[in-house]
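Labels run A, B and C following the written order; every chain starts at residue 1.
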Amino acid sequence: MRSSLLKLIAENLTIDRGGRRVFQDLSFSLSQGSALVVTGANGIGKSSLLRTLAGLVPLAAGTIRLEGGETDRLPQEQAHYFGHQDAVKPALSVLENLRFWQNFAAASVCEDFTGSTLSPSLVLETLGIGHTAHLPAAYLSAGQRRRLSLSRLLVTPRPVWLMDEPTSALDKTSEQQLLGIMNDHLASGGLIVTATHTELVLDRVETLHLQAADPAEQAPEEALL
Amino acid sequence: MTGWAMALFQRDLRLSVRIGGSALVGVLFFLAVVTVIPFGVGPDLNLLARIGPAILWIGALLATLLGLDRLFQADREDGTLDLMMMAGRPLELVILIKCLAHWIATGLPLVVAAPLLAIFLNLDPVSMGAVTLTLLVGTPALTLIGAIGASLTVSLRRGGLLLAVLVIPLAIPVLIFGVSSADAAIHDPVPFLTPFLILCALTLIAAVVGPIASAAALRFSAD
Amino acid sequence: MAFWDYANPTRFLRLVQVVLPWLIGFCVLAFAAGLYMAFFTAPEDYQQGNTVRIMYIHVPAAWLCMMCYTVMSISSIGTLVWKHPLADVSAKSAAPIGAAFTFMALVTGSLWGKPMWGTYWVWDARLTSVLVLLIMYLGLMTLWRTMDDPIKAGKSAAILTLVGALNLPIIKFSVDWWNTLHQPASVVRMDGPTIHPDILWPLLVMAVAFTLLFFVLHLMAMRNEILRRRVRALRMRAASVSRPGTAAATAQPAE
């Protein structure tokens, strides 16, 4: 058994977006090698939770820690965010796009997580878009862009993957491949937090179900500002 | 420069060269501004020579403002900005490098075009050189100050006009000392170096304040 | 609950309710005294005649347009450092007041300038700096209006306010360099005021009156802004009741 040193801990997360409280006092902890699947109705705050973990939405209260990670880096700097937007520049070639992220994003490895450091061309080959390497990314289809965006996660090792609807715009075969990649990441000691509507067959899964709170529990009126 | 900085610099430079020839549009706009001035004030060559440095500076200011609204917006729209903030690189430096790349792609061409446009305005070689030199030193400050406006308006769909309104008051000192030092080289009421060194100082101040303020604004705009 | 704990708008509103009547009273008294002194006790200028009385409006207005920016800068630090929502409200409500006083300073300045300079506008260093300040106020107000989310708008505006505060001395210095025509500042000097007391006293009383007026308007505007935000929050809540909006979470290990 691997030693469960890496641990993503969220305590009493509370966030407000646009003056509206999205969720309140949300806590969980996720240890190395497991995936947390966030479920819940549309608009309940799954994406907000992932973006909060990514450090993109400011916390109104609470803390996020990565235990066993690099102490001089914030948790979000040890995480990959794979969201709805592909962050692909159409004017650059596929390889240029990928090389940029490889050089720009800081790698984060620690004792318990070494991760994969594959060469960009190898990753593109694995994901089945190797033939497009020297084409401008403008010519890629939606699915191919998605895979290019995914390849970013494989060229820079980072222990935490935050994946918002990772299977969108992917066909069945690519979805299977994605699941394989995600399982490999878990097996190598990574952590995954993902929001999804579809069932994901992952090795070690925990679920976090978000549901609407009783309106009576909301902040009292006179505290509103 | 370390690897990541170089990668960012190259990427931004490549993007601005490949997309729409932003350098060319800026220079064309600069040319258009300089061309309309004589239609406004008349073709008096002596007058044009006198106000020439000012025209070139105002033209450069407007041309710089024109291209700034895409500085961060393009990266925000496709999600790149989110990833940049998570990249584990100091955001202030990231912004400084983006500004440098942006200046080389759009500001430097204006500086290069300035001596050519100075001919239209009947500037003698000395003032031509002086204006070009002040633009070379001063336009980076315009880009860096403009970056503050660009980051404040990054989430607005049509932020270009607001950006100009927000940035112009902040850019007034640069304009004043740019034109003063160019004038000082020609008429010498004051030694050239006095306003010129203040202009250099303004650029250095902008290089500190611009990235810090923009980084703060970008962090707050993330959502 | 941290967000609500930082500020207590309710307590603030209660405080406003108590303080405001007194403040309004003092303000009216100060204006009565100040205007009386300005119009009846203060002497005419031997050169400018009665037009010198514009000074009793112009100088306090000019003083307030600086003070208002200072209030906004301090509030902005409150917004950015302590994330205090009341600071945000304070900065936002101060901006239009500041713009109004700046506009008043400009108008009275140019009216005063007409008999002195023979034209309504000269590009004098002080007038120009104040004009730049007016543009900055208006820019800030526009920034506030164009952003939907009041919290994000507040933070953006706070950054711009502070950059502006950093820039104002530089702008002032540049404009002075660009044009030094006006007489040097003479109310506050290290060696004491050089203005005759007959003019100085009405000027000081008017400055106090204007300062009180600023605080009256500012408190009123802050109160309105708080109420406006409450309405917004209530509407947002009304919209989200029918759908599963606000969420609480439960973690269920599924192993």
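By definition in this document, contacts are C-beta pairs under 8 Å (C-beta built on N, C-alpha and C of every residue); 3 or more make two chains touch, one makes a residue touch a chain.
Treat the numbers as computed from the prediction; the structure is a model and nothing was measured.
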Q | Shortest walk length in steps over touching chains, subunit A through to subunit B | A | 1
Q) Which chain has its Cα centroid closest to the overall Cα centroid? A) B
Q | Chains linked by the largest number of contacting C-beta pairs | A | A-C
Q: Averaged over CA atoms, how far is the centre of subunit A from the centre of subunit B? Could you give it in whole Å?
A: 37
Q | Whole-Å separation of chain centres (CA-atom averages), subunit B against subunit C | A | 31
Q) In angstrom, rounded to a whole number, how far apart do the mean CA points of subunit A and subunit C lie? A) 45
(Q) Could you pull out the residues of subunit C that touch at least 2 other chains? (A) 149
Q.
Among all residues of subunit B, which ones touch two or more of the remaining chains?
A. 220, 223
Q. What residues on subunit B touch subunit A, complex-wise?
A. 3-4, 6-8, 11, 14-15, 18-19, 78-80, 82-89, 220, 222-223
Q: Flag every residue of subunit A that touches subunit B in the complex, lowest number first.
A: 17, 51, 54-58, 73-74, 76-81, 83-89, 91-92, 96, 99-101, 103-106, 108, 152
Q | Interfacial residue positions of subunit B with respect to subunit C in the complex | A | 148, 152-153, 155-156, 159, 162, 165-166, 168-170, 172-173, 176-177, 180, 195, 202, 205, 209, 213, 216-217, 220-221, 223
**Q.** Contact footprint of subunit B on subunit C as seen in their complex
**A.** 80, 132, 135-136, 138-139, 142-143, 146-147, 149, 152, 155-156, 159-160, 162-164, 166-167, 170-171, 173-175, 177-178
